[in-house]
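Some structures are shown below for you to check.
Each of the next two complexes has chain A plus one other chain: chain B in the first, chain C in the second.
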Partner chain A sequence: MELTVEKQDGIHIVRIAGRLDGTTSSAAESEIVKLSEAGCRNFLFDLTELEYISSAGLRVMLLAAKKARAAGGKAAVFGMNGTIREIFSISGFLTIFPDLPSREEGLRHMAEPPQT
Partner chain B sequence: MEPAEIALSPDLKELERAMQFIEDHGGRLGLSKRQRLHLQLACEEWFINVVRHGFGENAADRAEKPHIRISAFPARPGEIALRLVDNGPAFNPLEYPDPDLNLPAGERPIGGLGIYLIKKLADSIEYRRHEGQNQLTLRMKLTGGNENGEGNRWN
Partner chain C sequence: MLIHVLAAFSALAAALLAATLILIWHRWRRTLILQNVGLQLNSTIKRKELLRIIMETAAETMKAEGSSIILVDEEKGDLYFEVATGEKNEEVKQIRLAKGEGIAGWVAETGRSVLVADPSKDPRWSNRVSVKVNVPTRNMLCVPVVSNGRMLGVLQVINRKGRRGFHRSDLKLLEMIAVPTAVALENMLLYEALLRAMENIRETTAAKERIESELKIAQDIQRGLLPGEALRAGSVTLHAFLVPARVVGGDFYYFSELEDGKLLVCLGDVSDKGIPAALFMSSLMIRIQSKASPDLSPAQIAEAINRDVCREDSAMFATIFLAVIDTRTGELSFCDGGHCPPLVLNGDGVRTLETAKRLPIGAFADEKYEDRETRLNPGETLVLYTDGITDAENPQGERFGTERLKSALGELAAGSPRDVTQGIREKVTAFAAGHPQSDDIAVLALQFGDKD
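After this line comes the complex of A and B, so read on.
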């Protein structure tokens, strides 16, 4: 698992590549917590290179969504492959994370004020 | 065909070996890439649960040695079975309540999805407690392996 953070137009784009599983999720979690504590309210996840996610990884995603929401921001994803989208769907995560078709659409979505 | 089998210690570091086992033997038995990922995911959820709850803090007090095994074999015609065995306390995942997936993010509990994923990802699932062991059998139907054009590489 590799996690990289990039900032564009005030939005944090969190790219997660590889396998987000029970052995790698705690590293991802501490990055999310660190970002949140540094004042990040909006998480746009780039999952283009995510190959695998288990409930441990979903837990980290949910944590980011909760932190974003609590701070008055939002979280969204783009770039999911079919397998990852299937796991999101089974887990009911497509109702939590808007699934945007591209990075540009993701940034546009994040720039809109959050709906309450 | 002899069932392929692997024994694991109750340690999360063993997860990688379990995943490789499913990748290798799932592929050999004709499962597609998608099916192998689904079984890996189900197996991870099972294994983490066994390590955390089956052999957790009281592991040192246990009289019996941990016995955790995964085997893969052709089952009924056109089906592959993955059997997950452990000698932890009796636990039937089929009786575990499903999470409420309609809750908004703020109310969604962190966790509780693992067992649900096991139940949803296999084509069929069977549990039995046998001679002090939990035996969970997950079955996958062979699909012909066309999804990624590689499932039937070995056939």
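After this line comes the complex of A and C, so read on.
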């Protein structure tokens, strides 16, 4: 699992590649906590290279969504493959992570103020 | 004249021969001494005995009144030795020297041997030790004991017996004795390290066994929270099974009869697995039992449980499918918290139940769940399952998957709920072909009315 953070237009783009499961999720979780403590409120996840996500991985995504909401920000994803999208769909996570078709759409979405 | 020269010559030759013979004899004797020392020192690896032998052998060989073997404490960075005191040697004192303290400390630090003919004139001398043991030191030899480049300690002898003090040749002899001493000490240290390692293993194994037996008890407690495997109420029969991936797990199901012929049924999956999931599952089971009420719809029950369970600092969640069925009419009211789509089985095949998809329990405290209604026709079976079934893998890395589950159910359509759950269990086990179970598995089959 590889997690890299890029800043573009004032938005943190978190790219997660590989497998996000029980063995790799705590490393990802610490990164999210670090970002949140440093004041990051908006999380745009680049999941183009995410191959697999388990419920432990979903917990990390949920944590990011909770931190974003608590700080008055937003969370969204782009680049999911079919398998990942199905997992997000079945678990109801598409209701909290808008599924955006591209990086540009993602940045555009994040730039809008969050709906109350 | 020639006679005098010859006589002088032969006297000289005789003297030289005698000197050589004496030298050879000394060397031979020294070799014997060392051989004997070597034998003595190899006779034991037990600390107390070995240290005693070292000291006795050194004192005897060097004709000294006393000797000490002072060991390096690598952890603390200082030196220590034990001295028997008192007339009958009953008391043992442990004396510690700071790094570099005294002659011994100096030898340990520099790795050089030292002959001290007069301690009072040597600036390195610290009389702390001789005062403690009540033995005035007139002269001494001190050599480092080194093995494989590691400073193990310092060997010293004090107060040569007889009239003369120690000579340089004595120092050389003590240096030679230090060699087998080093080997013996190293063996002793290795032996002690081995004993410690073995004790460590014994303790770790005992701790592991304690944890395993506690897990078994936890497993029993968790099993006790489940409502059993089967139920018959009104026209409804149901059967369920649950197999954790580890000793305790996060999958759960629950059913209980409410008033007016209603039956509450639910099944779900706590995120992740193992002990944290098991603890969350246990607390969830208790909340479901407490919130179950005939006056609340499934969505209201789910919302009540969710409000209780959500915590700001935790992202643990549990997927859940929760339904209330009228056991007389087959009317089913249900809500979905991020769970895999339930299936309905009848003579014509398998259909997926449409739900109003919401987040799992534990995500956001203000989550609103939504009820949907349907009706089970006589003979129809509702099948709930967790993703441990669909995610089950075989050694080739293939997933069991939803399609395979649907077709397996199709084959079991004619059976009772018990036939259905057992059948699924057998098919998944056969599919996995020995590949270890990586996720908890739960299945609940609920049939309305007998087939006519």
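Here is the rule we go by: the second predicted complex is superposed on the first by the 116 of 116 C-alpha atoms of A that agree within 3 Å, B and C clash if a C-alpha of one lies under 4 Å from a C-alpha of the other, contacts with A are read in each partner's own complex, and residues count from 1 in each chain.
Here, contacts are C-beta pairs under 8 Å (C-beta built on N, C-alpha and C of every residue); 3 or more make two chains touch, one makes a residue touch a chain.
Note that the coordinates shown come from a computational prediction; the quantities given were computed from them, not determined experimentally.
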First, second, both or neither for A:Val33, with chain B first and chain C second: neither
Which superposed partner A:Leu58 touches (first chain B, second chain C, both, neither): both
Touched partner set for A:Ala17, first chain B, second chain C, both or neither: neither
Partner chain(s) touched by A:Val5 [first = chain B, second = chain C, both, neither]: neither
Overlapping contact positions on chain A, where the chain C interface meets the chain B interface: 22, 54-56, 58-59, 62-63, 66, 69-70, 90-92, 95-96
Of chain B, residues touching chain A in the complex: 12-13, 15-16, 34, 37, 40-41, 44-45, 47-48, 99, 101-102, 104-106, 108, 110-111, 113-114, 116-117, 120-121
Chain A residues touching chain C - in the complex, by the definition given at the top: 22, 54-56, 58-60, 62-63, 66, 69-70, 89-93, 95-96
In the complex with chain A, residue positions of chain C that touch it: 269-273, 312, 315-317, 319, 336-341, 357-360, 363-364
Residue ranges of chain A touching chain B (in the complex, touch as defined): 21-23, 52, 54-56, 58-59, 62-63, 65-66, 69-70, 82-83, 87, 90-92, 95-96
